[in-house]
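Okay, got some structures for you below.
You will see chain A twice below: alongside chain B first, and alongside chain C after that.
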Partner chain A sequence: MFKSLIIYEFEKFWFKKINIVCLIAILIVNFLSLKFALQSNKAAEMTDIVFSSSLNFHITSLQEMLLTAFNAIIITFCILSFHEEYRKGNLRMTFMRGISIRKLYIAKSLVMNLNILLTILIHLIISLLIALIILPKTSSSPLYFKEGLYTISDVVFFSIRYYFLAYLSLLTFGSIIEVLSIKCKSVAGVLGLSLGFVFLNFIYISYVSFLLKDYPISDPMVLKYNSISLVFVQAKGAAYFAAGFTDVFLYSMIIIYLIFKSLSYLAFTNKNYLE
Partner chain B sequence: MKSMIEVQNVSKTLNKRKVIQNMTFNVMKGDICGFIGPNGAGKTTLMKMATGLIKPSEGEIFINGINVQRDREKALFEVGAIIEVPVFFEYITGRKNLRNLARLNIGMDRKEQLKKVEEVLELVGLKDRGNDLVKNYSLGMKQRLGIAQSLLNNPSIVILDEPSNGLDPIGMKELRELILSLAKEFDITFFISSHLLDELQKICNKYIFIKEGCIKWIGDVNSLVIDKEKDLEEVFLDFME
Partner chain C sequence: MLRIILSEFGRIFSKKSTKIIFLITGLFPVLIFYFFQQRWGIDYYIVNGVNYSLNNLNYPVTQMLEYNFLFLFIILPLFFSESLSSEIDSGGYKMILLRPFKKWKLLVGKWIVLMLTYFSMLLCVFLINFLIGNLFLPHVKFTSYYNINENLNPFDSMVYNLKFYLIILIVHLAVLSIISFLSIAFKKTIIAFFGSITLMIGGMYISLPLQNILFNTPDVAYSILGGTYELLNMLIFILVSFSIFGVALWMWNKRIGSIA
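Up next, the complex of A and B:
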């Protein structure tokens, strides 16, 4: 039964033209990023962290786009997959079948996670290609939150960790939007609360920096408080993690993901569908 | 005779209001049972409980002898239904929508599922329009696609919530003939709701009249004392007084 449910969910994802538009949009996002990189390269040295080269463009471009474009894509995926299907009654036909709703939810989640993975991999491939073709080639590059220049093997190691935490942050953001998607009565409600959530994150971050203004920014305590904020993790935490500074962001993402996934699971498998 | 849908002392409270009040009835094998009551009487609510979408506050519902709430998956195995309106993906063809839904036929291999899709499209007369986008379907066609969807899993019971809503007289006639032929050919038991005694209800052999969540009258068509011309409609209105 599980395999059929996964294929069933996978097909539905690709039915939705907007999902496909999102994946194509990554190409555009990359070119915007490239334009930006070429501009800042003019004013920067090759050894500056803001200098984009063939070695680090896939990191700097994701860094720029994670909080904006990627979160927007996640909101779109979740609204289409959870809000539209659940609230607009599409899933009613599915819930009436002799299938397990629990397994349906797991299949839906797996398909969602897989498609988010695909999204981020598409970004990786496109940004690597663009960088290879257009940006200056270097044999060493600076990395976020690390002193000095690094060669390709260090960059690969850093990239894997960076992409991993970026991916996890998107799953976590997705789990939060999932709950909003199931619970809200309208798309406007989901969008409003999603933006409200991001906004709250910014307030929280500035509050933390105000409270702990006597501590250096990379103090473990400051990082620990900030790790609760998804926006901080996306803006800085992923790079801190990749640089091997601390694992606190990894743990916080896993915990927040599990909490919201459980809430979403309970809402989805509620004994009273849309009562 | 075998009881296909068994509703036992079922009540449902929504927003602190008792929307269904202690309902008990049976739909037997081979019945085409009309479930009739004015808007807001509780028809959709009861049908949602019968299809496991929501659970009764009190009482139990059995389908084919299996408790829907306790053993949902098994109880719904041979049930097909449309509750409220069927919602399809509008920018996808009718055929693709069905092929996707057919994946929920657990235990059927893909070849059988695809064959089944063609079979139900043929049955509801949408074979030629199967490759049109659902957004270009008329209301009647969407309703027929909904019925096609309900037949995908070879159901022995089909539950239809106000299927005649929005149908023109021709659509109504087609739907009536479709139900009759399905009942006869495939031995399907029907449980059909309506807020009025329309043309469709004339094919029923059994009626359940409800109002404000209570059963007003249950019986087969012969036990209604009807003058030739004082038709069901008036009898129904009498009961609803």
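Up next, the complex of A and C:
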């Protein structure tokens, strides 16, 4: 039963054209990143971190697009999977078959997490391919927040950690949008609150930098305060984590994810919905 | 036409989101003043590397960078897409279409109302900034602006400020053309919203003049008023916006009966 629920959710997800458009958008996003990379390569040395090569383009492009395009994709996924189905009452049709609302939520979450993973993996594959074909091939490359040049094995290790935290940050962002999607009555409300949340994050980061202006920007105290901000984690935290600077961003993401996932679960499985 | 406009006004102002956007519009200049001037003590602004000190006369035009970003990429797409596509998507617009009005008048009525509403928001921002400038900033009798050699008196400065806001208004209304087009083409709020942002950001990657107009709108306005801007870029921008408005109106006439 649960297996068929997952397959049903998966089919429903990919049946929606907008989700397919989001997937195609990753290709466009990669080409926009490539254009930006080619432009910045003209003014940069091979040892500069902004220089994109076949070794590091998948990291620089994700760093550039995680906060914007990927968050937009997550908002779209959540609005379509949670808001539209839950608020428009489409889910009531599902519950006519005696399916447990809890199991449906778990299936929905699993499918969502799997699809986000798929999205990020597709980005990785496309960016690697684009970089191999178009960007200069190098045997070593600089990495964010690390001194010197690194060979392919170090880049692979860095990439795994970077992509892992980027994925976790997207899941966390998704869990926050899930709560908003279930609670808000209109799409505009979800969009407004989601972007308001991102905007508040920016204000929080500015406030922390003002509050701790006497500390260096990579001081553990500054990083600890900033770890609460999802936007900071996506902009810099993932790179700090990948460089082995600190694990505080990993813990903060897990905690925020668990809190919002629980809230989302409680809101979704509310019995009043079925009455 | 007047009845269509009044009906649109009634519907727009009955929405909670419009009230919230007006609230943000009113609060934003106050927050900017509180953080930038009161907390962080910034008493200057920079245009193309030249520093100018803030005073009561120039204050309204110097605080628009953050406002431009917030409104152009978040608030306006949300406001316009909710007004244009949510009614079509939910089917509520059928009730309006039943009335014996010409189809194009309905869209033009919507545009007029949205433009006037946004104009009043921008006017609000100007008045609040003007008030803040006169209450809290150093009072001067003359002030200078980017690439304007003579010092302007309060009247000329006010004219400069109003022209500056007019340029911002023209640039921001381009969003309405994109949203109109996307709302009629796809009718879903989420597509109109993200589609418009994607088109703007994509355009910024492709064209540097477009990047300047959308991202550095205040700097472009200073340059236009200072006489250093390549006006052809702005002319093309306005022409493209008008063309999109035209295409949207044509599509509306063709499709609205079948999609609403």
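Just so it is clear, the second predicted complex is superposed on the first by the 273 of 275 C-alpha atoms of A that agree within 3 Å, B and C clash if a C-alpha of one lies under 4 Å from a C-alpha of the other, contacts with A are read in each partner's own complex, and residues count from 1 in each chain.
We take it that a contact is a pair of C-beta atoms (placed from the backbone, for glycine too) under 8 Å apart; a residue touches a chain by one contact, two chains touch by 3 or more.
Predicted, not measured: the structure shown is a model, and the values here were computed from it.
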Combined model on chain A: chain C and chain B, fit or clash: fit
Touching partner for A:I7 - first (chain B), second (chain C), both, neither: first
First, second, both or neither for A:L32, with chain B first and chain C second: second
Contacts of A:S100 with chain B and chain C, given as first, second, both or neither: first
Which of chain B and chain C A:M46 touches, first, second, both or neither: neither
Which of chain B and chain C A:G189 touches, first, second, both or neither: second
Partner chain in contact with A:F210 - chain B first, chain C second, else both or neither: second
Partner chain(s) touched by A:I125 [first = chain B, second = chain C, both, neither]: neither
Which of chain B and chain C A:I255 touches, first, second, both or neither: neither
Shortest CA-CA distance in Å separating chain B from chain C in the superposed model: 10
Chain A-touching residues of chain B, taken from the complex the two chains share: 14, 48, 51-55, 72-79, 81, 83-89, 91-92, 96, 100-101, 103-104, 106, 149, 153
Chain B-touching residues of chain A, taken from the complex the two chains share: 1, 4-5, 7-8, 11-12, 15-17, 88-90, 92-100, 271-275
Touching residues on chain C, where the partner in the complex is chain A: 17, 20, 35, 39-40, 70, 74, 78, 81-82, 86, 188-191, 193-194, 197-198, 201-202, 205-206
Touch list for chain A against partner chain C, complex: 18, 25, 28, 32, 35-36, 68, 72, 75-76, 79-80, 186-189, 191-192, 195, 199, 206, 210
